[in-house]
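Each chain gets a letter, A, B and C, in the order it is written, and its residues are counted from 1.
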Amino acid sequence: MKKRILALMMAGVMVLGLTACGGAATGTADSGAAADSGAAADSGAAADSGAAADSGAADSGSSGGAVRLLNGKPEIDNQLQDLAKKYKEETGKDVSVETIGGDTSAGDELKKMYQADNMPDIFVIEANQADTWDGMLADLSGEAWTNDTDYELVHDTMGTIGFPYTVEATALAYNADVLEKAGVDPASLTSPSAWKTAVETLDSKKADLGLTAVFGWCAEPANLGWSSGTHVFGQYLDAGLKLDDKTYIDLLNDGGKIDEGRMKKFAEFIGMMNQYSDPELLVDGTYDNQVKGFAEGKYAFVTQGNWINGTVTSNENYSGFKMGFAPYGFDDGFDTIIAGPPSYWTVYSNGKVDDAKAFLQWVSEDSAQNILVNDAGLISPFSDCTYAAADPFYDSIKSYMDAGKTSGWHTMLKKDGLQNVTCQVFADYAQGKMDADGFVSTMAQVCSSYYAE
Amino acid sequence: MVDNAVGKRLLSLLCIFGGVALVVAALILDVSRSNAPYRGAFLVIGIVGILVGLFIFPTLKYHRALMNFVFLFPLLFAFLVTVIIPLILGIRYSFTNWDGIRFTKEVGLENYTKMFQQPSFIWSILLTFLFVVVNMIMVNLVAFLLALLCTSKLKGLGFFRASYFLPNLIGGIVLGYIWQFIFANVVTNITTALFDNRYSMLSETGTAFIAIIVVYIWQYAGYIMLIYITGLNTVPGEILEASSIDGANPMQTLFQIKIPMIAPTITICTFLTLTSAFKQFDVNLALTNGTGSVADFMGSYLTNGTEMLALNIYNTAVIKDNYALGEAKAVLFFIILACVSILQVYISNKKEVEL
Amino acid sequence: MGKKEKTSSVVWRFVIATIIAIYVLFPFYLVVINSCKTTNDITANPIGLNGVSFTQLISNLVDVINNTHFLFWDAFASSLIITVLSLVFLAVFGGMAGWVICRNNKKKWAMVIYFTFIASMIIPFQVVMLPLIATFRDVGKFIGISMLQSVPGIVFAYCGFGGAMTVFILTGFIKGIPYDLEEAASIDGCSPEQIYFKIIFPLLKPVITTVTILNGMWIWNDYLLPSMMLGQNGRVKTLPVAVQAFVGSYVKEWNMILAAALLAIVPMIIIFLIAQKQIMNGMIEGAVKG
């Protein structure tokens, strides 16, 4: 027993000693660390990470000179593996594809990979993450593909850094067959009143139409926070606006301010979605059940984007219905959907830059676009792409694009991690813990305190 | 014999000098920023060489001291690099604006004052304390009752004991997912029938907290039970016999003989549950990941309803990228745990004197 | 009368014990049966046996094992290598360190080391994990061997973190070995290292079993350290990290997740069935001594 006391006293003394003479004690350790990280930072990490890349390659043996691509979309993982095979076939060069996604944020994992000197050569980022990698991304301007697209990501100091690998659209995806049967014209859904009548009509004919609910909307926060907190929230930021209109994202990024009038209308619209949504799904559903329900014709609308196409069409109970997008018409005349690249592929400037550039150029060309468009169901951001997208949403998206009725993905420019707090507000609203006014005031408070942190 | 000694000395010197040469070479390579991939191998082989050299160095006078050094070195070195140096650095970093890679300025106590201005952090602390207290009582109670059951006359004792212990074998992450399944698919059927509540327990802060407690008891009670069984088995049979001859009923035996006699065991178990509940991380992460809302706490709306201290630290640093603040919170966590340990020693010491 | 009451209370106890056992084992039952179903059968009835088939189990297991997020065999092999290496190093070096500390318990330096070890047992992992990554990154850069996302790095870390408890338990045991034994050997001309390896180490078998069980359960199941050091997309993944990465991907199909969970817990349960007594005793000893 005596020893235990002694041990604890030791512990106490140790802690005190450490804190007191922390400065002195850390002197040596620090200088070592400082010298090293200094080297990494100042002399342009190239030397250091080069060594690490070498030893990494030595470790993993066979994957010797492969360009490593970190993908953030698990649903196209298989197709990207095919893409890598095709590239090997055509050019003899190796590309290895790694995938992170879903609950795990690729951004968080990339930070760990950076610390471990295990960076991929090409990796996915969202627009607001560019600053995290300031000075570490290669400038891609002058590449041939940049002439064939308007969607590349340009950064103030690093130049053209992002390769758009897809265009995605999100709004309220609808089941065209159901709407037609119910006599609802999706093109008319551009105001709250039009929505209200349409939803009430659909709800009254639920049994005939085989619907479980009008909306397949899920506000579960732990696993689907990206859907409510980023995508649906994005409609507040962009719905009804021109592609380059940044009014509300700028307001938000100015210390987390929101426009209460707009938010109130948005809240009322979400309230309608809550009311007519499948209660089995609304509070604690999953992405899989949400998409499955839509594919099986149980919901007229679903709050996802065109990335669900593969999952929907491969469902065994999918009847072959047509689909498209209707705008979040929470105010009169809101007739746009959000479309554009939600994320980009960037090239790590200390990686195999030339090989990576060559690969990206190849991806923008015919044989790769064939795989991405026809197999993976992506919509090509390249104007010279000859393939009509296999995406069943394509016609609908194209009509919005042609009419210039697309809004931006500015939700990707909000402060990183904001979705983790806003999604909780959606969840509480869905559970009926607050009304529309409560939603607005809570949202205002949550945003401003998140920006203040 | 003499030749042997000379040979040994030569070999040993060879090892030492070879080792030193390799280490020096490796260091030179490092300092000159060469990227020779074998510098690491040089360093490691060099150090091993020096140690082997010292080990076989034929000297009588210093042999013991050399042996002590060689024997202690590996573990102590690992311990210093993984525990002591990071601890010192960590405490130091908590007073700076460290971002996980480097720091540019001293901020004094700013991180420490900042964390107490975060309602979400205060909530995490209070929640953790509540969790610890509830668990300490519940786990010990359940475990003690199980131990009584398992020390009584019972068929299939071995089987019961082993099955109660079984959950303890499984890691928190896997276990968390298994229970997530149970709460989402099985428990909802029960709650729908009983309370007409079809939502998963995990979707509401209060019930999610209860869910974490249930899982924790399920995992931990079997282990604590084993310790109580050991304690109960040390109660001498004669005393129990004597008491039953004196006409004491089972309740009297329990409260007047068994419990006082296993007081040290109770202390051990109490503190074991206490510290492990404090450190709870895996189940919290896998079950709710800290989600859950609190409508109004200290005037603000919280979104981390079930986030306990350990998870809060992780999220602050790794997810929200605020390393210095996370480290300051971790230091506070350390201080709390140190106080608990001191209390434990104090209490068990006092008890010992009484006995 | 008295006797009858006794048997009835025995029966009661048995019933209660059985009910509790059913409750405790129920999650395991759910894991097993639902790994043998399709997702639709699970949603239809998660408790019953409808839709359970062996072929479905095999197909679920094959799907999980071949899943690119999970890579079961890689993860299993990494977990095994990391655990075994750490355990061997801890046992060997822990015994050596414990013995030196014990035999010098009159000397100040040995006591300082000993109490530093013990005191460090209260340090929570959270306080060292962030600077640990930084330290390991710098050390790795310095020596040119990556310490993060590599097996040597994490084994080294486990030796450091497991060291305190290992030394503590081993010293407690070595104290009990009579010193006469060593003195006699010393008079016979044995050098200290010979004494240790020939006399002491063989005697440590029971306590090394205890230490190995305690460390083994911890290392095999540990999540936070490998997730920080290895990452979910690192070169090396342990089983808990792989399970997390797998569940974290969009594929929220419970039959797959439970099949993955089954794969992760089966090795542990097999070992438990083989060495039940040692494991339970080891856990008790660890707790009572710690």
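Methods note: contacts are C-beta pairs under 8 Å (C-beta built on N, C-alpha and C of every residue); 3 or more make two chains touch, one makes a residue touch a chain.
Here the structure is a predicted model, which means the values were calculated and not measured.
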Which chains make contact with chain A and with chain C at once?
-> B
Which pair, B-C or A-B, has more C-beta contacts?
-> B-C
Could you tell me which chain lies farthest from chain C when each chain's centre is the average position of its Cα atoms?
-> A
Just how far, in Å, is the C-alpha centre of chain B from the one of chain A?
-> 35
Indicate the whole-number Å distance between the mean C-alpha point of chain B and the mean C-alpha point of chain C.
-> 12
Hunt down the residues of chain C that sit against at least two other chains at once, touch-wise.
-> 116, 120, 122, 133-135, 142, 144-145, 228, 244, 247
Two or more other chains are touched by the chain B residues 35, 37, 40, 85, 87, 89, 91, 100-101, 318, 334, 338, 341
Of all the residues in chain A, which ones touch at least 2 other chains?
-> 4, 8, 11, 29, 33, 37, 48, 51, 55, 115
Contact set on chain C toward chain B in their complex = 10, 13-14, 16-17, 20-21, 24-25, 27-28, 30-31, 34, 42-43, 46-47, 89-90, 93-94, 96-97, 99-101, 104, 113, 116-117, 120, 122-135, 139, 142-145, 156-157, 159-161, 163-164, 166-167, 191-193, 196, 217, 220-224, 228, 240, 243-244, 247, 254, 257-258, 261, 264-265, 268-269, 272, 276, 279-280, 283-284, 287-288, 290
Touching residues on chain C, where the partner in the complex is chain A = 39, 68-69, 115-116, 118-120, 122, 133-135, 137-138, 140-142, 144-146, 148-150, 228, 231-235, 244-245, 247-253
Interface residues, chain A side, partner chain C - complex | 3-4, 6-8, 10-11, 14, 29, 32-33, 36-37, 40, 48, 51-52, 55-56, 59-60, 70, 74-75, 77, 81, 98-104, 109, 112-113, 115-118, 223, 286-288
Residues of chain B that touch chain C when the two form their complex | 26, 29-30, 35-41, 43-44, 55, 63-64, 67-68, 71-72, 74-76, 78-87, 89-91, 93, 100-101, 146, 149-150, 152-156, 159-174, 177-179, 181-182, 185-186, 189, 218, 222-223, 226-227, 230, 268-269, 272, 275, 278-279, 281-282, 285-286, 310, 313-314, 317-318, 323, 326-327, 330-331, 333-334, 337-338, 341
Under the touch definition given earlier, write down the residues of chain A that touch chain B in their complex.
-> 1, 4-5, 8, 11-12, 15, 18-19, 22-23, 25-26, 29-30, 33-34, 37-39, 41, 43, 47-48, 50-51, 54-55, 58, 108, 111, 115, 220-222, 225, 279-280, 283-284, 416-417, 420-421, 423-425, 427-428, 431, 433-434, 442, 445-446, 449, 453
